[in-house]
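Two complexes, one shared chain (subunit A), two partners (subunit B, subunit C).
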Partner chain A sequence: MSTPTATGEGAHQPPAPSRTATGRRRPGRLGWSPTRGDLPAALFFIAPALLGLVVFFLVPMIRGVYLSFTEYNILGDPTWIGTENYEAIARDPLFWNALGVTGQYVVINIVLQTLLALGIALLMQRIAKSTLIRGMLLLPYLMANVIAALLWFWLLDYQIGIVNHVLETLGGSRVAFFGSEEWAIPTQALINTWRHMGYTALLIFAGLQVIPKQLYEAASLDGSNAVQTFFRITLPLLRPVLVLVLVVTVIGSFQVFDTVAVTTQGGPINASRVMQYYIFQKAFTESQFGYGSALAVILFLILVLVAFVQMKFLRGNESDLG
Partner chain B sequence: MRRTALGAIGVATLALTACGGGGDGGNSDALDYWLWDANQLPAYQQCAADFTESTGIEVEVTQMGWDDYWGSLTNGFVADTAPDVFTNHLSRYPEFVANGQLLALDDAEATADVDTSIYNEGLADLWVAEDGNRYGLPKDWDTIALFYNEEMLDDAGYTPDDLTDLSWNPDDGGTYEEVIAHLSVDKNGVRGDEAGFDKDNVAVYGLGLNGAGSGQGQTEWSYLTGTTGWTHTDENPWGTHYNYDDPDFQASMDWFASLADKGFMPQLETTVGASMADTFAAGKSALNANGSWMIGQYTGYDGVEVGIAPTPTGPSGERASMFNGLADSIYAGTDQPEEAAEFVAYLGSTDCQDVVAEAAVVFPAVTTSAEKAAAAYEAQGIDVSPFTTHVEDDSTFLFPITAHASQIDGIMAPAMDAVVSGKVPASSLTGANDQVNALFE
Partner chain C sequence: MPITRSPHRSYERRTKRLPWRDVVPWILLLLAIAVSILPFYWVLRTSLSMNASLAANASSLLPVDLNFGAFARVFGLQSTQDAIAQGGSGADINFWVYLRNSVIFASLSTAGAVFFSAMAAYAFARLRWKGRNVVFGAFLATMMVPPIFTALPNFLLIKDLGLLNTMLGMVLPFIFMTPFAVFFLRQFFMNMSREVEEAAMLDGAKHLRIFFQIILPNAAAPIATLVLLTFIQQWNEYFWPLLVGNSDDVRVLTVGLGVFKSQSPQGAPDWSGLMAATLVSALPVLTLFMIFGKKIVNSIGFSGVK
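Presenting the complex of A and B:
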């Protein structure tokens, strides 16, 4: 969930575009301008992707924005009601609850996932050089979200789950991982961390490969220890990749849905009623598609803002490698 | 209301894999028929085959799990690919009628003059909407009873007869609570009504818990609240005012929540996950209130001897059970309204319902077929009289049918969770009730 593949794939490429190389190949030119002859071919290659973007993304998005200003139950015709949905949302305690719950999920998920992935990536570079072991780290990611969630749902079941059985055998007490308000969100964040950390580690690992070896050699000659090297060289030079990983995983985390849908369905009480689930509930369960669309538009705006802030303040599009 | 399907979901998801979209199936002339209960699939396939044989009208039967059923149906309505005929639920059909998605059966020749006196009393009336038109022909019904673990009952020194005359009240729980307490056993073997019972370390709970029950409490608490004279709505069907603010009702809910606090029933938070029936089979509870559609599942567990007892009587001196019934409806956009009506009439006939009766999976709506179903259960060694007694003694009340069902569920599910989990007292339901009633203004 937290890493849409379309965006994720870009990360396999080295993060720092080699400006110098491009410049060398086309000396004397500041930029590249298309010649008219390339246009038909370009359109031909762009068309499939463009068609998909328009049909499956742009049109639904514009229609969604329109529907957010209507009252619509999908079976009848939409009725224009202006900003009434947005006004109702501002007064809706469940909307504010959803924001809070989603925020809690994002924080736990991102902090844990990024730290663990960074650790794994460093281990992959230094110790686990076998392709088999590196490949195994990706296994959880290959499992569908719903399957991973159901698997853990059973493992962590309070009454007959094996984890609670083991906890009790070891002298601890059983934990209502999905049933208690305190645990519902952390549990789901942990499940998604488990599923995604291998993939995220792979992205960071790719970033590590790009850092020139000479820098490390120079650092060790200067007597830098491992911790100093990590904080002075690895982390700063990894920044563009980390920013990309953060942006992608944060956006993905805000949209957590399937884990909630197959386990707690918003409960207990409202403890896991995250934004996406609340949107789904309003639109598809309660047939209030106008209200659901307005919620979706708000989530979209939040994500735009979050991505913008991250790119801006973490300077994700610049590299210190230069 | 979900409960009707819960038993089926597990099986359904497994059996589902081969099922396509339905509405756009291969044979365009064939009628499409949808249902969600996998247990009933073989019986209805038989009915469809018999129908085709006598009329020449082909029928394609599609089964899909409850979780996918309603979304697929709504999508079908929008895309005009909904099945011609489908199994309908009382909680859903008012919204379909309001949106003009159902064909009035009075308008089709085959179903215009069906003799509804063959059905169990009240079932046919449920499917007449506020506009006076009929939108479904009854196919089955269900009531509530108590499943118990025979071995645990025996260990506690009870005989099955001890469970036939239980009484309950919201003040001290009556003999019903006494039995539940005595059936509860902690890890040291101390029973719930004995000194030194450790309520935080319970091995076997007297009563199992299925969930908080949302606004209906179909299997959870409605069999108790119904004995106090309380009703969900001002009138039923088509009430416009809910009564969750009633002090007597709130007292009943406080009593119910107190069972968990006393260690006689699991805490709500521990019940998220494995179903009550499965934990019952794992020996975690001795007594389970559940619906008649669960008979097959409870009696089907290996190594667990299960008996069935009637629900307790309450302050009214009577027992009470929610009476829910499914029906077959016709999609308003069907290309073959007359053929669809013929099929619906056949599904609601004694011929088809006798076939369903023999399968012993549910109680058919036709009175004589329900008797045959009871006999079929009997032949399997299962005494289902605790379920049928509600109908014989007229101790049933109807599933609450009103507009806004899904929005009410959205309000009441978390509100009831909070009460049954003991986080807030039942008096908090007054606020939820105001929200619910505001939907009707």
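Presenting the complex of A and C:
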């Protein structure tokens, strides 16, 4: 639910190996045996988590890569077929469609969400920082994707949804938000923007609190107006936070599945068949586990590439402070 | 907790500013708040309405023909005839079972994940051992792995173990740890004072006693926050339970909602029933949020954006 990074190491220095002590505890050295360290105790404490890491993360990753080079329909054993899955994927129009549709979704979702969140964060910074307001803005994020999907499926219903009712009352015409090919993806993007907007705003808001007040005071004394202050101080100093938020939200955005599965199920035709939904269908509806695994590997590689490019071009690990 | 920052008085507050300059910002902020919370009112209003009357009163701000039929339908308390008469599908559905399953699923995986993650975090923060940083790096790295990538092989594993459609199979991948929980608690454990711990060590206390009697009690606040965040996350989980727990007796609310929606008549969906089911699914998290809202809100922005 958050965007952690590895931060500083432990507050303590490793005790220098002592040649005289032979397992005797030395007061003032936190009682560590200087030669053995705490390895036995550490192994005990870490055992359950390590089991989870190995069995449900590391081994599956290796198995996933292996399966991507096989043909496997769950029954029987996987058959090694080399790179055939990948060659087939390269010729698969539905894969390219999924890639395009997902890309379209990510762009609409991320642009809208980040701009709205940045706006809300700045508004909160300016006029209201209360926990109550932040709480109300956070509420959609705490709801399950399935709930957000159903809620908007109803609000945006073509026949009697309130949004279309209001559109018509205002003189517009009804929109088939879920039923038309041109609207299917923008609608999915809007639903997820609604759910993530407040959360992202809170992340950016937290980043705003770190910018030294003196900078604003100095700018104010120099006669800088609000727009200048935003572009010369706020935005540059917020950049590391924005990059982190972008990396995490873009990675999440590429994995859109829940709202699609509950509402349009890839349709109409292929308009909302996003990558993860296509993988799900290949593996579980069509029982093509090898092909599905190869698609998952490709999605993973795309995510790594996207994260890398973002860090590189937005210089996410550098700060303009100091 | 180091994750909260008291709102400082910004320079804007001290300079005299005419209130009308804040009118437009306030309107915009209230708009954002309205967009965030008003949809929930519409869910409530629809769930209390008679489904058959909704079409004729699409824009009525109050419930149409106020009644609790939709909730009765969702909990399987309404006869099939009544259900169909009120616009339901008449299909057999029982959200009590899904509610129970969700509680078990979210509680079990949260309890396990937080406890075992705390143990691991203790080893990473308070113990010195060779390879500590490498192993911790491996935990951190898994945070970046998309769930779909591990979901397919994990499904096969659970299937090979014969645990498909069992609660154990559903919670196993979560119960040993979540990378975030390990990271989150390690940060707190590292910042705790060593004095009490040292005194206990000189008294001959072993690590297990220090962990249970000193570390855990002193980290009660961040652990409570982590329990809340993990519980909400697990409560909302959809993809994994959909893969391995789709049979009726272990189905959780999120999956049940999807099934209920797909059973609803295509031409004239049971909107009241659907919204009642949505509200039932949302209610536990809403309740937690009413009680612990401040804790949850203040945990957003933890560390990474510090």
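Everything below uses one rule, namely that the second predicted complex is superposed on the first by the 272 of 322 C-alpha atoms of A that agree within 3 Å, B and C clash if a C-alpha of one lies under 4 Å from a C-alpha of the other, contacts with A are read in each partner's own complex, and residues count from 1 in each chain.
Please note the rule applied: contacts are C-beta pairs under 8 Å (C-beta built on N, C-alpha and C of every residue); 3 or more make two chains touch, one makes a residue touch a chain.
If you're wondering where the values come from, they're calculated on a predicted model, not measured in any experiment.
Novice: Which chain, subunit B or subunit C, is in touch with more residues of subunit A?
Specialist: Per-residue touch count on subunit A favours C.
Novice: Which of the two partners, first being subunit B and second being subunit C, lies in contact with A:Gly267: first, second, both, or neither?
Specialist: Touch status of A:Gly267: first partner only.
Novice: Is A:Gly179 contacted by the first partner subunit B, the second partner subunit C, both or neither?
Specialist: The answer is first: A:Gly179 touches subunit B but not subunit C.
Novice: After superposition on the shared chain, which partner residues are touched by A:Asp222: those of subunit B (first), subunit C (second), both, or neither?
Specialist: It touches nothing on subunit B or subunit C.
Novice: Would you sort A:Gln281 into first (subunit B), second (subunit C), both or neither based on which partner it touches?
Specialist: After superposing on A, A:Gln281 lies in contact with subunit B but is clear of subunit C.
Novice: Touching A:Asp77 in the superposition: subunit B (first), subunit C (second), both, neither?
Specialist: neither
Novice: If we overlay the two complexes on their shared chain A, which of subunit B and subunit C does A:Trp154 touch? Say first, second, both or neither.
Specialist: both
Novice: Intersection of subunit A residues contacting subunit B with those contacting subunit C?
Specialist: In subunit A, residues 74, 153-154, 157, 159-161, 284 are touched by subunit B and also by subunit C.
Novice: Would you pull the subunit B residues touching subunit A in the complex into a rising list?
Specialist: My answer: residues 71, 74, 77-78, 95, 99-101, 266-274, 278-279, 282, 284, 406-407, 409-410, 413-414, 417-418, 421, 423.
Novice: For subunit A, which residues are in contact with subunit B within the complex?
Specialist: Result: residues 73-76, 153-154, 156-161, 174, 176, 178-181, 263-264, 266-270, 273, 281-282, 284-288 of subunit A touch subunit B.
Novice: Can you name the residues of subunit C that touch subunit A in the complex?
Specialist: Where subunit C meets subunit A, its residues are 5, 7-8, 10-12, 15, 22, 25-26, 28-29, 32-33, 35-37, 39-40, 42-43, 46, 54-55, 58-59, 116-117, 119-120, 122-125, 127-130, 132-133, 135, 137-140, 142-150, 152-154, 156-157, 159, 172-173, 175-177, 180, 182-184, 187, 190-191, 194, 197-198, 201-202, 207, 211, 229, 232-233, 235-239, 242-243, 253-254, 257-258, 261, 269, 271, 274-275, 278, 281-282, 285, 289, 293-294, 296-306.
Novice: Which residues of subunit A touch subunit C once you look at their complex with the stated criterion?
Specialist: Going through subunit A, the ones touching subunit C are 1-7, 9-12, 14-15, 25, 27, 30-32, 37-39, 41-46, 48-53, 55-61, 63-64, 67, 74, 116, 119-120, 123-129, 131, 133-140, 142-147, 150-155, 157, 159-162, 165-166, 169, 194, 197-199, 201-207, 209-210, 213, 216-217, 220, 241, 244-245, 251, 254-255, 257-258, 261-262, 276, 279-280, 283-284, 289, 292-293, 296-297, 299-300, 303-304, 307.
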